[in-house]
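I have a structure here, written as structure tokens, and I will follow up with some questions on it.
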Amino acid sequence: MIRVLFFGRLSDRAGIEPWRLPAEGIATVADLIARVAARDPALGRELAAPEVLVAVNQRVVSRSAKVAAGDEVAFLPPVTGG
Amino acid sequence: MIRVLFFGRLSDRAGIEPWRLPAEGIATVADLIARVAARDPALGRELAAPEVLVAVNQRVVSRSAKVAAGDEVAFLPPVTGG
Amino acid sequence: MAAAVRIRIQEADFDLAAEHAWLAASGAGAVVTFTGLVREFDRDLEGRVEGLFLQHYPGMTERLLGEVVEEACRRWPLCAVVVIHRVGRLAPGERIVLVGVAAHHRAPAFAAAALLMDYLKTRATFWKRTDTDRGSRWLDLHDEDRRAAARWEEPW
Amino acid sequence: MAAAVRIRIQEADFDLAAEHAWLAASGAGAVVTFTGLVREFDRDLEGRVEGLFLQHYPGMTERLLGEVVEEACRRWPLCAVVVIHRVGRLAPGERIVLVGVAAHHRAPAFAAAALLMDYLKTRATFWKRTDTDRGSRWLDLHDEDRRAAARWEEPW
């Protein structure tokens, strides 16, 4: 399984609980986004926005980065701390 | 009378109590410095140092500034607050 | 000597005097603190703020904060650094964040505190939602914050 | 709206939490404080500091501090400013000075606090004598303090 986290405005749509998605057929972040889009097209469009960063196991990566079972993938809209 | 104040290292020599000098014969700051130098030549030399500022009635002035009876004249070595 | 470092993410408020005493105990000559407060008005929504909701990414946030504090310690000789960032629901006027830096001289203390704040605003994984009497919205990063953070990319 | 201003010269220590609460009560979003402490070592005398003696010019100092706070308020939109400077005899580790600035945003709060400190160091009529185990001396202004103050002369 892949653990998927959504923050900020994305959590309004996806919820604050992590999603657990089967890893079968998912090799990259782009694959994962496609899987999310199949379940929720509007959320998929939000994840495709270039200002949304993606972290795999808490490291920011590109959308072509590899994803495998056991990974934690987080979608990060622009941060606003401080 | 003219009230004369000395601060910082000048107060080590002149004391922390204000001096009270008769105003007769004193028209400018330079005259006042000469009067002080007559009483204490070493202190007079210290007052002549260019880094020592002079304030008349709490406003920084040049050594050619006028001084009259009732004025407060202060000699200010470089400040070190904060 | 390595700086003493204290990084905390918490729902509770913090005790400013206690944090300041800890910073001062490092033997520093200068302590600079920045405190961010929930504003009463939202300049984008133009509504009266009823509350602020702060979310973060546990684990990743702590690591990022550790990295930026390390970066500050590489740039300047610091005695002690504290970063406390609150999460959860906050009311107007409440404190959100404390950044405190102790150093032997004031220039590095000011510079490090400013850098830490700029990075907190633009890099650390926090998200803010403002709830006003005209509705709720997740805040966007302001361009001035992007510019403020970018100045640290230049050689110092 | 004019900033709330509090300027004090006193022998007693100050209550940092109380001053901070006063700054925050101005409705600001950002509070920056600078606190200067008596160092344990004197870098010029190279002796262990037994105490610091602080003298000032009563009347003139208050006026100069008022002028520099006014200058800061002309340059930036500030909500509240506090300047507390202690005089008399202080022990190592004791607090000498507090400068606190509250503003809606952090950039003016940082800038105003830095300006106030630079002016305090170079313009206000305070004199410091360090008493160490190797003797006493009245401190000189450091060149870096002159340079720090000079930067505010440039157009901002």
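So that you can tell them apart, the chains are marked A, B, C and D in the order they are listed, and the count of residues begins at 1 in each.
Just so it is clear, a residue touches a chain if its C-beta (ideal position, glycine included) is under 8 Å from a C-beta of that chain, and two chains touch if they have at least 3 such contacts.
None of the values given here were measured: they were computed from a predicted structure.
Participant: Once you find the CA centre of chain B and the CA centre of chain C, what distance in Å lies between them?
Facilitator: Computed value for the inter-centroid distance: 49 Å.
Participant: Could you put a whole-Å number on the gap between the CA centroids of chain C and chain D?
Facilitator: 23
Participant: Could you please state the distance in Å, as a whole number, between where the Cα atoms of chain A are centred and where those of chain B are centred?
Facilitator: 74
Participant: For chain A and chain C, let me know how many angstrom lie between their CA-based centres, rounded off.
Facilitator: So the centre of chain A lies 27 Å away from the centre of chain C.
Participant: What positions in chain C touch 2 or more of the other chains?
Facilitator: Counting only residues that touch two or more other chains, chain C contributes 36, 106, 117.
Participant: Indicate the residues of chain B shared as contacts by at least two other chains.
Facilitator: 82, in rising order.
Participant: If each protein chain is taken as a node and each touching pair as an edge, is the resulting graph a line, ring, star, complete or other?
Facilitator: Graph shape here is a line: each chain touches the next, no loop.
Participant: Mind listing each pair of touching chains for me?
Facilitator: Listed in label order, the chain pairs in contact are A-C, B-D, C-D.
Participant: Quick one: in the complex, what on chain C touches chain D?
Facilitator: Against chain D, chain C makes touches at 16-17, 20, 24, 27-40, 93, 95, 104-107, 109-110, 113-114, 117, 144, 148.
Participant: Taking the touch rule as given, give the residues of chain C at its contact with chain A in the complex, in rising order.
Facilitator: Listed in rising order, the residues of chain C that touch chain A are 36, 55-57, 59-60, 63, 85, 96-97, 117, 120-129, 138-141.
Participant: For chain A, which residues are in contact with chain C within the complex?
Facilitator: It comes out as residues 5, 7-9, 11-12, 16, 55, 58, 74, 76-82.
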